[in-house]
């Protein structure tokens, strides 16, 4: 097996807490609220009184990893960090499940990571030449090796130096004997927030929904380039760099984050609703009903319905048990297998002109299938509104977006796409419409949003990825400014 | 451990197929679509060429029981029946997971059951006195013993006689070497339908959504008192009784069935939408937004919003991973544990007068919690519309509705309930409104609907349950006609 | 799958205890001492105060079934029975693991069985015609059905009548709300003993080694035709028949029982030692060393060495971990796979004339392999002494001896056998020598020993087995008296 | 949890093979023959064509780790190393199960280890200061870090330098893309041998019994200070040091190694037999029978019996299933729990003067229990012969011998010991007798045997252990020469 250094650091969720007697259980609740950010594996590490760490981790959902009701109780200790991990095919198994714990003769460290380093391969090779070896494929271990090699008198100073060496998107939690650190990359590609419980205890999480889940109030977003230090005295804001410029991932608003989370003050549900309103305004349609693809596109569908002035109906039913099915249908039954996830509601769509709303189109196969499902159920027309612009460029900052050649919009015009998926019409939200609908209003390009998926303007150089980067076919003359290193954050 | 004869026959889903080479896999898909009818256990039995049966069954979701991808392949055979089972606390374990298989020296039988017999204890005692003993707690075994004791020359005639002896609600599937039988009780308390695949193969299922899942067309509902026989010649309709009168469970329409299913021609999603419209018409409210309790009350909420003319918003988010959590929060963290399932969307409800829509109130604890959640999130008023009448009476025909003393509406007036749950107002759908909204329009009391939960008019005598039956406190002088045996189907 | 009614009732071990607060744990210890009698599965049933039974059972060794240290504690109750089961290929799985528990509306029964009924198929067919059906393949269920069908006023009388209907070899333990029964067939084919602990509590077990394991003193053997009843008043001896004649299985002395057990006063280790002495006396050999096949033939080897006056050496080493290996060597590695169990000690056997001692020869493949192993290790000659007569006839009373056609001695002369296994000479113990060496000295044919394996004189008719019985090839004119029903106990 | 750096490197077994298509299966067979060297965990690593390694490892016996019959097949690759590990209480779990695999960007390494480094803590601290961190507690990782830090142009030269830095007892197997290395410490504390299969393939194993198990012929012992390199050209002998002096562990001969193994030409079974003869010669006894403690003392017992001229009888029976029992008897039943392992044979020992033979006395509790068992069974006298000298000093080279204060002989005179265990007399083999009986006849102190357990003459300085070393109470003025660094190998 070739080492795929980069395959494992995709979209994830992190949670940390300092000094609460229910540390492990609260981390469990926090991670549970973040489960949508990763279902491949989960883990919790607690800090013991003697400075040693205890860990439980495993493959699968949080509920699988902690299915023994006593497993949480065994994780005693007053501080903890936890991690849920997104499933990717190239994973090597349990050794990559975070948090990672690093044992030394006289102390332990634990680390959890959401994001993707763009210079990890280069750094890893350099570290191995210097005597390091790796137990996992994760960027977490790269950072740990870097920290230990910085010539600085304290761990904190080593950490600050090491954070200046890594590139890309990252949101790290680091638990030590003395404190809990949270570090965010200079572009703030990934979300991370600080909360406080009624008893004064501070927590850090990927999304605000995890704060709500444990009854903590929102304190502030972690900002680009910050290193937050939480200890018994409260929290302190350090900076490992001042050269920062916000470009948070627009896919968090479009698809990833939970609707009840807010990022930089913007509620995700309402942002999606506005995306729906905007795409409907940009594309006037004459239809009978609006149907959103459950569950992700339902907020946008309410916005569409409001603008179009027609009913928002539940024309598609999602089987809530389909996530955990391992049975693969044989070739001849594949179509039936797909029906396990979605069903069209004939009584609702029969004889209707349907406006189908989805959040995005990646490969297009699902769209084609859904449109077919609606037509089989008797829909006379299916017009598709996508509440985001066409996805043409891959992500290198922590989201496992398909390769360029597999992105439908990187290889086809909108007209070709419409034909391919069998829609009567197909419309996307404009890039400006997206930026307006999110409404971050930050003093930064695209109001602080990374929209590289849509226009290829990567906010940073791509480092290790420059070589394998491929421009979309439909944009063969696309000038990849970032790749050439002309811009930097 | 006392034998609780009746605890295990509650709401379930069944699926059967005759003579298709993919019998086990299609049964898997069918059961998957019926998973909402039972999550405690699942099983599939296939018929081998030599007349013997193979079975795989287990505790948990279908995906847990068949997590080995090869497990389905091992169930070779051209005919199959399957079962998903509802979770109840008093279960004894694996031996009660259906289908049950009965081995004889020269043949096997398999049986699956949805429903509840009202004379099972009496029958069981009689059978035991006659030399029978039971490996499980299920009504399935009662029927098997009865069949073998009928003095008739053929299995089919024995079966017909035995079906005349049992009382209550039942939908049985019985697989033999020669054919697949489906039997429905004389009141048709539980739904069951026949479908046909494109290759001509017949299937039977609890709901039409299972037909859609495998691409089968709906043929007809199984009617009260019918014994359907499916073999290589197609299907044949036999009757074990002609004294029938439809009274299908109204809770199937209100809560249990999947929205994309249709029962006696009525689509469940639209019926719920009409219940929402009806309760909104019966109770005029001045609110800013409508919020449905996800997922069951979302259809009714669309109806309410339409009538009230205010937006239907996603004010509550359901964590889609909460079903499978085994970690019990400690006492001090119980409230946080409850937050694992639902979150209120502050951005949506803050400063708003909310009309909260739910399908029903059982104990009232969840309602109280949700209202509190909305108010904490800033809702100024919470008015509650319940899209069904107050639940006052227990069910004895196959749904594990709480005991009378635990039903909130059996012990309080609507005013007391409103106060208890902390709502600004509380309104229920009228019984007439329910019957109209469902709109079965059958020539039978309540248009063919069993509404005993709401008015105590049980369509049959209660047999073994007569003694322990308790009238609701709020209706102490309630005349339980059915108990006295004055009516019968 | 065809029902193989008889495949599952072979050699097993049983243990029962009445009224001790550590019932489950003592049963665990007792079964542990009987583990050599069955490794396929194990189970323990305890009697609760309310008359209900609790059971834990599973596939594999006792230690596997009870690997959770708390599993024993969960089996509360003051009385218990347990069972270890011999592994056979045709087993159906967990439903056949004993003890079986039979639930009735108002009470439970548990049963465990060692032996094999010769008329089980006939009885089972008759019972099925009478309305019974079977959850397992075991003779235990046959007896239970029979009991319930006896027209007698009490369970005990029903039991006595039922015991008169069954034929063959059986040692049953039956636990009821009121007492513990132990029943032994009229020929006493299988061993069963009563013991008493220092606190006065009575126990029953297959062998005396289980009494020693819990510190109980030996009270008496259970005798043929006895029904022992143990309750709070002590033990009582009932008889279900007086037509009895002891013919205990000689293979118990030769191979099955543990060396530290005593049967009818005869210690098994010493009996084996005497068998070794006798076969050495009958066959004078000129050799350098004696090597016993570990572990079963080591006692006989000491006897042989003593008579021959040469050293008894450990020329073969048995890998003590080989029992639990599931890895099957590929065809090309099969020989190496066999080496996993035994190794020859070159330093001991090289250049030596070896007298190899084994307890018996079944198929001859193991003998051939061992002789080859010794010769490869440098033995110049290998003379084989078998401490029992040639095995020519199958057993129908509870030991899973190979079919006639697979018994080497049923198909070859001793000379042919010697040639086949590659021995320099091959000698068996004479039948008279066996009877003398065991030395039961009971007033019965062969001093009370069943020697049908060696001479085909079955002490009872074979009932269901008569048809499929095959005489050994080497004895084609053998007159199977028992088959013709001329003798009976 | 405090890091117990040294707790995990105790007695183990290793096996390696280069370039055979059945590498994994042969490693399985080899490890199976070495299972007695470690039952806590097992693992196998295979080398893929692309230079990457595959591993399966787990807790428990080899048969538990590879219970899925396909698990071996999945380990494709033509070269492999494997490890079985001894159980110690302080283990941290799965991460310590060997072989360890070290992943680099462009290659992998695997390592397995038997032994214990005496300067591991010092080295580990130094390595951590230099930026290393550890995933496990094992000495294997220490060596890997050292290798990568040696400034040498090739891996082999790095390895040779690193082997010069470590101190103590070690037998390493190291698998790389290009070859298989085996390295033995300068004193050869642990055994390791080279074998060759009929197809020319070379293997390395802890004991010769593993060679026999796969049909490989013995080629030679690996000698102290050697680094054996096996690749496609055969094997090559390198040396990492020439300052060597054999002092192989005497406990390998006394207890650890399998009787059919030979070490430096001495067969272990015969060495034990000679120890028995020698201790009987040194201590004349008047007894009726000799009884060896099964299984380890049975070879010595044959020697004793021969010299005393009385029968060697099986007076104690070992339950072959006791190894895998997890049920802990409650306090009141502890004595019965102990009986699960051993039973005395009353028929053999009653009325007899018994000479009990054991291989060694550690804490003395087992001896006390066995003597009591024999006396309860009727032995009139029990005289104890121990076929090795009194164990007074701990081991630091890879055997988990109890701490000084727990060694009975370090705290009591022989007279006190005799009294304590309840023997009628107690005699140990003399140190000279031991050296003679083993008969290594090498040109080195004690003929090449390490006898530090008995006289405290450690062949090397103790490094990290010097501080915590405690002299036996009975020898308070003992001059620990090795500790003072006066001698070195």
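Per-chain numbering from 1; labels A, B, C and D assigned in written order.
Following the convention adopted for this analysis, a residue touches a chain if its C-beta (ideal position, glycine included) is under 8 Å from a C-beta of that chain, and two chains touch if they have at least 3 such contacts.
Predicted, not measured: the structure shown is a model, and the values here were computed from it.
Hopping across touching chains, the smallest step count from subunit B to subunit D is 2. With centres defined as mean CA coordinates, subunit D is found 51 Å away from subunit A. With centres taken as mean Cα positions, subunit C sits 63 Å from subunit A. Taking each chain's centre as the average of its CA atoms, subunit A and subunit B sit 38 Å apart. Contacts with at least two other chains are made by no residue of subunit B.
Taken as a graph of touching chains, this assembly forms a single closed ring in which every chain touches exactly two others. Screening every pair of chains for touch gives A-B, A-D, B-C, C-D. Within the complex formed with subunit C, the residues of subunit D that make contact are 22, 25-26, 28-29, 32-33, 35-36, 39, 61-64, 66-69, 71-72, 209, 212-215, 258-260, 262, 267, 269-270, 295, 298-299, 302, 306, 311-314, 317, 319-330, 332-333, 335-337, 339-340, 343-348. Against subunit B, the residues of subunit C that register as touching in their complex are 1-3, 5, 48, 50, 52, 54, 102-106, 121, 124-125, 128, 130-135, 144-145, 148-149.
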